[in-house]
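The following pair of complexes shares a single chain, chain A, combined with chain B in the former and chain C in the latter.
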Partner chain A sequence: MNRVMKFFLTHIAVLLSLQGYAQRLVDRSGTVSFFSRAPLENIEATNHQVLAVIDGKNGEVAVAMLMRGFKFDKSLMEQHFNENYIESEKYPKATFEGKILDYSPELLTRDGTHLIHVSGRLTIHGVSQTRDIETNLVKDNDGIHVTFQFPVRLKDHEVDIPKVVVANIAEEVAVSGELHFQNTEQ
Partner chain B sequence: MRSRLTGFLLFISVASLNAQSGLLDSLSPEASAAAPAILFNGTRLINGHSVEVREKGILEFIISHRFGEISSGGYNLYGLDESNVRFALEYAPLNHVYLGIGRSSFEKTYDGFVKVQLMRQLPGRSPVALTLFASTAFKTLREPERDLTFSDRLTYTSQLLLGRKISQRISVQFMPTYIHFNTVREDEVRNDVWAFGIGSRIRLTRRLSLNGEYYYQKEKLSADYFNSFAVGVEIETGGHVFQLQLTNARAMLEKGFIAENTSDFFSGDIRLGFNISRAFQIGK
Partner chain C sequence: MVMKKLALIISAILLLAVAMWMSKDFYRGQSDKPDYRATAGELLLAFAADEQEATRKYAGKRIEVTGILSAFRKENDRFEIALKDTEERRILANGIWEPGHGVPVTGDTIVLKGTCSGMLLDVIFDDCIILRP
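Moving on to the complex of A and B:
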């Protein structure tokens, strides 16, 4: 093996080993929905452009989505959601930053189904709350699939419901989501 | 050469390590094209139209009411005895097109309009919202002393509605208007009226606004007529928009409130009025 080959091989080896550390799982089209059940009306919207990333090294998690990405059946409802309730102009994004509790890299590399807890800060309408979210994680041949469901109290994020529409909007909405990660990405 | 290559390779490996910090920062949702500005809560400013139209598939029902003049005194309960009503049904077959039909109790007039939104205010695309409005009014009030044909009873109105949201809380609008009356009353001296309207909306809270509207006529139909002035509050709740106003205009139709006003706002010929609109999504 000549010197040039050795040179390249060592450098490639270094880079490949660093690849292991740089393992990040990304989903650019995750789904998040919310549902509000109230006596007069049910409200439902879905966002199909949720961004999520898991750091394979330490189990850190980040999720971000544009509030305008939530689509409603009724366009007027979507307009009011953005203009009057969520104030998307002021607070365009909802984010979650946290960490998988009791994390081990095997969760993401070995086939299996796990019920994991993700703890972190959920920020909606500019207001953050610390949340511990129970999540279902499945690793199979297609990749890693995460599903979750948790309640959000509108008051916790300073989303006001005027008394006049109290029978139309629930104080607590059910949020659910589905994320799919395809192996490694830098 | 070799050391430079080494340096380069080490550099990119270090760079990739650094890219791992700030997990959330690495996620930047594609900035959705900024949404077009919403200037007004509904399709009406006070008496007249605003630049807004409804989205495709929305059906809107509007009831407008104007009482009598407050200056008519206690005997008439300061105008509450008199009642003028207009019902309207409006529909958006397409995203930028709005159609409506209505009927007013004043002179038993039917009206139909077409409203086309040409431009919405969007940073980078257009600084203003521009909408065209055209309406035809058909008066069915029996006037046996005049021999009126079908065509005599028609009046045409066209407006250019130009609006701009100048801040989070304030929107303004200009309404150059042209009205043509096929037939006019005995004391009226012309068939055409050019007018220029200005209006504004000041958002007080997320759901409450203060609106103002004024139409200046270049040349009135009659020297005894007045320009219309209106000021009101607007409350928006879910699918309803409630507007309560004070105005001198009795009619709720463009040709009526712009050009046929016999009440003088500034002499106390003020009327209490309200508009209630309810939007339903019936198409997709």
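Moving on to the complex of A and C:
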């Protein structure tokens, strides 16, 4: 397990074990999808088991997902994704750890819709990149709903696409997600 | 003579078709066989002891798991089950709900077969089917 993953998992464990009044928000079944548009075919996969945590005290954010949790329409495509491209055996998880910019706790307590920026490190295939992600946050009686969309260049995370399938897989994929948080205040 | 040859050819084709159909059933049965059988406690202990090694061994494999049900949720045609061990660690298993299947109750012994994805806070299983109850 590399240094980033160890830090991330420790961070989540600490966030969830904190005693006191700090507000911790957890989603254990968030959704993240990616879409690749290429000349020969479009590829789409969805993961419904995304783990996300927001620390209400300081706006720190941590998101983790198992790469094997991405489900494709075609099982052969899923197999190639795990075995050849993302190498899930070596790099089983993708993670994001960062912070909501210009954060104030009222963002999570007062009903309303906000466009926020979350800045941090996105790690896929063992390679981390700094990202600033625009996110839509809605607070209502049902909880906190977060949606986001951003592009990922496969080359930035050293995901190699063999020349023979370049027409099947785009160099840049569109990632989108939906998270729903409820308070876990103790 | 021609009719006899034609009858022989048709019989051979029919026999071949039946043999292929029977072998398809045989291989389907083989592919449903789990890669491992384990209790929830054994799997959770393996992941707690060495997550990297357990991921290498179990992730992507079909595993038949036996455990005590601690939570059950059904939404539309999908279900999610939690199996706990004595340390309150969890296996979270999800799959397509089969109509007519009895709804399990907390405390029931559950046997399910699914594909292990790995571990976040819980050990995750996908594409599960409930074998018992």
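Everything that follows uses one rule, which is that the second predicted complex is superposed on the first by the 163 of 186 C-alpha atoms of A that agree within 3 Å, B and C clash if a C-alpha of one lies under 4 Å from a C-alpha of the other, contacts with A are read in each partner's own complex, and residues count from 1 in each chain.
Assume a contact is a pair of C-beta atoms (placed from the backbone, for glycine too) under 8 Å apart; a residue touches a chain by one contact, two chains touch by 3 or more.
From a predicted model like this one, the values you see are computed outputs, not experimental measurements.
In the superposed model, A:Arg37 makes contact with neither chain B nor chain C. Judged by the touch definition given at the top, the superposed model places A:Arg110 against neither chain B nor chain C.
The partner of chain A that touches more of its residues, comparing chain B with chain C, is B. In the superposed pair of complexes, A:Leu76 makes contact with chain B only, with no contact to chain C. Of the two partner chains, neither chain B nor chain C is touched by A:Lys155. Common to the chain B-facing and chain C-facing surfaces of chain A are residues 49, 51, 64-66, 68-69, 82, 88-89, 93. Interface residues of chain A, counted against chain C in their complex, comprise 1, 12-13, 16, 28-29, 48-49, 51, 64-66, 68-69, 71, 82, 88-89, 92-93. Taken together, the chain A residues at the contact with chain B in this complex read 7, 11, 14-15, 18, 21-22, 24, 49, 51-53, 55, 57, 60-66, 68-69, 73-77, 79-80, 82-84, 87-89, 93, 95, 97, 160, 162, 164-165, 168, 186. Residues of chain C touching chain A in their complex: 51-52, 55-56, 59-60, 80, 92, 94, 115, 117-122, 124, 126. On the side of chain B, the complex with chain A involves touching residues 2, 6, 9-10, 12-13, 16-17, 19-20, 23-24, 26-30, 32, 35, 38, 54-58, 168, 206-207, 236-239, 279, 281.
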